[in-house]
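A short write-up of the structure that comes next.
As written, the chain order gives the labels A, B, C and D, with residue 1 at the start of each chain.
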Amino acid sequence: MVVVAEILDFFLDTRKHTESLCRPLAVEDYVVQPISDVSPPKWHLGHTTWFFEEFILAKYSPDYQVFDPDFSFVFNSYYETLGKRVLRTDRGNLSRPTVKKVIEYRTYVTEQMTTLLEKSSSKELYDLVEIGIHHEKQHQELLLTDIKFILGNNPLLPIYSANYSENSPCQISHQWLSVSEGVYTIGHQSDSFCYDNELGKHKVYLNPYQISNLLVTNGDYLQFMDAGGYQDFRFWHADGWDWLTQNQLKAPLYWHYIDHQWYQYTLNGLQPLASKAYVTHISYYEAYAYAQWKECRLPTEFEWEVAEKQFEWGHRWEWTESAYLPYPHYKKAVGALGEYNGKFMVNQKVLRGSSIATPPKHARATYRNFFGPSARWQFTGIRLAK
Amino acid sequence: MVVVAEILDFFLDTRKHTESLCRPLAVEDYVVQPISDVSPPKWHLGHTTWFFEEFILAKYSPDYQVFDPDFSFVFNSYYETLGKRVLRTDRGNLSRPTVKKVIEYRTYVTEQMTTLLEKSSSKELYDLVEIGIHHEKQHQELLLTDIKFILGNNPLLPIYSANYSENSPCQISHQWLSVSEGVYTIGHQSDSFCYDNELGKHKVYLNPYQISNLLVTNGDYLQFMDAGGYQDFRFWHADGWDWLTQNQLKAPLYWHYIDHQWYQYTLNGLQPLASKAYVTHISYYEAYAYAQWKECRLPTEFEWEVAEKQFEWGHRWEWTESAYLPYPHYKKAVGALGEYNGKFMVNQKVLRGSSIATPPKHARATYRNFFGPSARWQFTGIRLAK
Amino acid sequence: MVVVAEILDFFLDTRKHTESLCRPLAVEDYVVQPISDVSPPKWHLGHTTWFFEEFILAKYSPDYQVFDPDFSFVFNSYYETLGKRVLRTDRGNLSRPTVKKVIEYRTYVTEQMTTLLEKSSSKELYDLVEIGIHHEKQHQELLLTDIKFILGNNPLLPIYSANYSENSPCQISHQWLSVSEGVYTIGHQSDSFCYDNELGKHKVYLNPYQISNLLVTNGDYLQFMDAGGYQDFRFWHADGWDWLTQNQLKAPLYWHYIDHQWYQYTLNGLQPLASKAYVTHISYYEAYAYAQWKECRLPTEFEWEVAEKQFEWGHRWEWTESAYLPYPHYKKAVGALGEYNGKFMVNQKVLRGSSIATPPKHARATYRNFFGPSARWQFTGIRLAK
Amino acid sequence: MVVVAEILDFFLDTRKHTESLCRPLAVEDYVVQPISDVSPPKWHLGHTTWFFEEFILAKYSPDYQVFDPDFSFVFNSYYETLGKRVLRTDRGNLSRPTVKKVIEYRTYVTEQMTTLLEKSSSKELYDLVEIGIHHEKQHQELLLTDIKFILGNNPLLPIYSANYSENSPCQISHQWLSVSEGVYTIGHQSDSFCYDNELGKHKVYLNPYQISNLLVTNGDYLQFMDAGGYQDFRFWHADGWDWLTQNQLKAPLYWHYIDHQWYQYTLNGLQPLASKAYVTHISYYEAYAYAQWKECRLPTEFEWEVAEKQFEWGHRWEWTESAYLPYPHYKKAVGALGEYNGKFMVNQKVLRGSSIATPPKHARATYRNFFGPSARWQFTGIRLAK
């Protein structure tokens, strides 16, 4: 059982980590939203704070004074239960509240939460705090990938930090791992924290399959490009081909072709493409096309989960062939928290694993990440199966 | 094994049936395309003909003279392998070729095919002809639903035919059918015709479930509407809610509220809503929301296939919760026919069953129909599971 | 003064002329609307008929029975005063009423109008009939240019008629006509029919100018194209350049470059480009860019009107530099007819002259035609000034 | 003739004024672009600086070191002659260069310009500097109106400054001023600075007219609203009515209806609507509709210029009925400066006068401001004529 000190530390560490991710930023970097998928960093700072205020302090802390009644309108993301909110596409149009004010808001809520946690030992409260912490961790990953997009979309291509090695070469050699057919158990099975979409432990029948021990590298992917992969419709879904054509795409996101050489924008600025590093920032459509070209396929999320102990993961979120659907016994929570996952279970593909942007204590083998098939701004990669 | 006479009859019957579906039309009805999903009837007439010309006559009939070399450009649907084509959204902008010319084209190709079939007994040819016939049958269903949209979208609401009873009342009483957990076999298993997407016979593990013996009726659905179902975001996917809001929807397609009473446009013109008839022309989003409101869910396509012998089906295509994905052993065909199914396996939901618009000899229990989650112009209905 | 026989003949001739324009059409050609500017021919047939029914028969013919009460909804163009109507962009989605029914509607209204005119000699009625006739003549021109677009947009490029010589060569040699500065009178000045937008006779001061006696030819225009005119932003308005870029335009409408030669689709089918014929189907943006390239300009509508007796016109509508604005003493009519002109007096350029598509007795020197600066489907040409 | 000290002072005062306009801003306010018409304040700071660097320092200052070669890409507005640039709609997506860096850029260029001006006395240079100064003044007005939009669009409605009295009541009583018909001279006539679009002094003939000595007040405008002005299509252009309907507009920009009272967002925050103050932030479409409702019209730009000595102006930019077109003898400059005005002379209406946002020494009676008919974020008002 979680004790006060533990959860308080966990909470405070998480709050600090969010702030430390923003340290390399200029004030201006907190504000912009170059595409609708990307939220301004100050919005993440405020939204993760509002989550604690709205779902915990307002209910469990008697006499709690809301920091600013307008912030609920500004920092609500999609909880229709909780009233009107700024349109997602308008987040980058708001210069106020200023970053300074948002930091004050964070400090205020962190203090109030500390006071509350020091006084209370309610299991219900702890459970909610745990959700709030993991919610903030989930936003830490988005915060980092959004920062990368904000800087990488800027013609000056500024450096964020030298602490992230996106280009480490793959050191091991390729192998096909075989899994035999049979009934396997899927879903989160311990007492530790997980999201509601991982629950509903259940059995699946898997046909025999092979799964690669490695992710696809930049070098592999370049071969696909050199073989005309972006010009040959036969490898693509019809929707993928339309997306490709409309957006005139010829390479993964952040790739730049300069003086006959490929470069990749990384958190450490523009770098020559490392051919042994894993390819990243590709959409599901591209992952699928690559697999088609290799006469392989992507694994389902179940194949991935069953085999995951046999390979290394954690470098990149891995696209699976599975659509994001409820597990057989899935029950969504009552009230606003019920909007956390269930309402997104259509038009999305599941990704498994984690990435260099995933914060500590947030990755687990049963985690079901999900994005639409054209999303590329996450650290996404390809593992083949057959 | 299929013999010549059989396949020739099958072919000729199918060709005739397509033409008989058009009999109630005015020339003008063959031309228009009120929404991009709906193709003009004369396009269906030409496209199904072009399919035989392109995939069979051009290859198997020596000295075959193409009817008109421009028709390939006009009547190709989506086969990128076969060259450029009229944009799908532009089909309704073409007044030429005229209906008369398209009928001449049909007659010419039907005669050439007859001659070819009378002379040849190649298994390979027969297989292709069978695909062509089923391709035409698939278009017969689209032809009828497209005609319904063309007429039902017209402010004059013309009658098509009295031969289709969309409003027959459900006569049996409701029951939950129970299926016990276990491993079941899925996919087409006989020698008879099926599409490639039904192959890849494989096992699935099903958790115990219950499935309704009945489809949801108009009366049931009205209760959902009266309970504020279209105004309460909690029942809807986020994408569904956006779709609803943007299109300002408040009822299924073809429903009209006139002088405090609901009417439904049917192939037999405008009729008072029959509360005991099965609800139809609803999107997956609506099917899902209804199920949420009933605290049930939609069955997966596997649950449907395993249970299908225990209930009546054939009135409506039934939305399932399953995304349209390849079966484990799915192999797409080589060449242009490989574009038939595989490239659509993203962003679509599976429907099972068949409808009053499905032509004879075209329905089977393993048939995997698919449409995007917002499609409503097909005869689509709801069967609940839990 | 107009006498009964005259106006009745004028009316009947006009009605017949509309129908004769449709004679070369297949039924299918009456239905489609390939771009929103183009209306289906059967809509023109119905709309010009509805105009007489709505503005004349319903008011002046006691006991008049409306032909079909739904037609007002279908055939109203933009008269907000008169209630709801089919959206302009949806005209091509209507297969009903059929062409046959629309012809019956025409016949019925023509007969009723004949009866009415034979009985009445009211000046007020005659004036309205005159407006209705000129309204129909205005639609005759649109009907023909819309038919050209419907056929010319079809990949089969069907022939309409050999009776229109779009390619007659210019026979006279070029001259600059000089007009001296001074005060001139503008606007319609006789008793004969004109639209309200030509009234408000008034004076303008013109600075000295020169105007070309000739329109620009295809050969002239090809020189502009060969000189890189479509690639050099300096000749274009900013809006024109955006329009060009977005639509990837490189030549006038209906020009086709086949095997290293230019062709032009005409009412008589595809023809090699006639270099001595006047260029046509160009937008105001193109006319302006051409003039910039020649270091000239387009005339204002006043310069055109003052000089028109000194040059030949009637081959093409001629873009002027003038925006379409009310004349100093402009008064719009009361009621629905007040919507005829005034509400379009923004975002449009004036064209003067007439074209091969202008019906008999419809052209006059003070006529103010108007279209948006990107319109190309009319017979539009260029006369330079400096 | 201008002497060095004078032009240097003029230059330095102008540079300082731009910076002083930004003094009340938070760093975040410099970055955002809530609508495409509005540019981020830091973009204005950079663009006006780049103008001096590109058009003057690069040419007249030997050995000039460009501050940062990437800035030309970032701060070019629309000069196609000068190469590629950030899309207008993407200006708000750029967090870098930071405000601090842009200020350094300004300081650097101001110093370099000072050095250059202290050394040179070339008339050609002075003329260019004068253009650069007026260019910056023009941007000062946009800067202030863009700031107003950025803050007024923010749900927190922050105050900018108390120094602008948008709500001063009109103190004088209404009168119609009569102007008799005749030939008048139009255009800039002295040696002092003006833009090229004011040149081409020429005569116009004016018919007799009356023009109001006053602008329309909020109280007047409320009467139009209360009389159903926004619901009655008869007062509107067809394009204006479409614009109104699509954007669901019911009041001028910045008006808020709270607890049965009208408020107006001003640079000094939200204020109760002052009924005697002049109405502002209305589009041409609204100005025209108001005039129609009053059975008056808007003056042409010539009527305004001829009468301007008889009335007070300077409170608001005043919409005229005139389209923005070249004057008879208009010649655009050679090279990039030729893009300053000429290429916008289509689809725009002329505004005359000036506003509280117009900087000192920038207003003059012949100044031709221009915006599209739907623009509302400038300080725009209505003067009636008849």
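Note that contacts are C-beta pairs under 8 Å (C-beta built on N, C-alpha and C of every residue); 3 or more make two chains touch, one makes a residue touch a chain.
A quick map from chain label to UniProt name: A, B, C, D = Ergothioneine biosynthesis protein EgtB.
From a predicted model like this one, the values you see are computed outputs, not experimental measurements.
Participant: Taking contact as defined at the start, I'd like the list of chains shared as neighbours by chain C and chain D.
Facilitator: In this structure, no chain contacts chain D and also chain C.
Participant: Find the chain most remote from chain C, comparing centres computed as mean CA coordinates.
Facilitator: A
Participant: With chain centres defined as C-alpha means, what is the inter-centre distance between chain A and chain B in Å?
Facilitator: It comes to 37 Å between the two C-alpha centres.
Participant: How many angstrom lie between the centres of chain A and chain C, each centre taken as the mean Cα position?
Facilitator: 57
Participant: Using mean CA coordinates as chain centres, what's the gap between chain A and chain D in Å?
Facilitator: Those two chain centres are 44 Å apart.
Participant: What residues on chain A touch chain B, complex-wise?
Facilitator: Result: residues 78, 80-81, 181, 183, 202-205, 207, 209, 233-234, 236-241, 284-285, 288, 297, 321-323, 325-326, 328-329, 338, 343-347, 349, 373 of chain A touch chain B.
Participant: Which chain C residues qualify as touching chain B in the complex?
Facilitator: For this pair, the touching residues of chain C are 26-34, 42, 70, 73-74, 86, 90, 92-99, 150-151, 153-156, 158.
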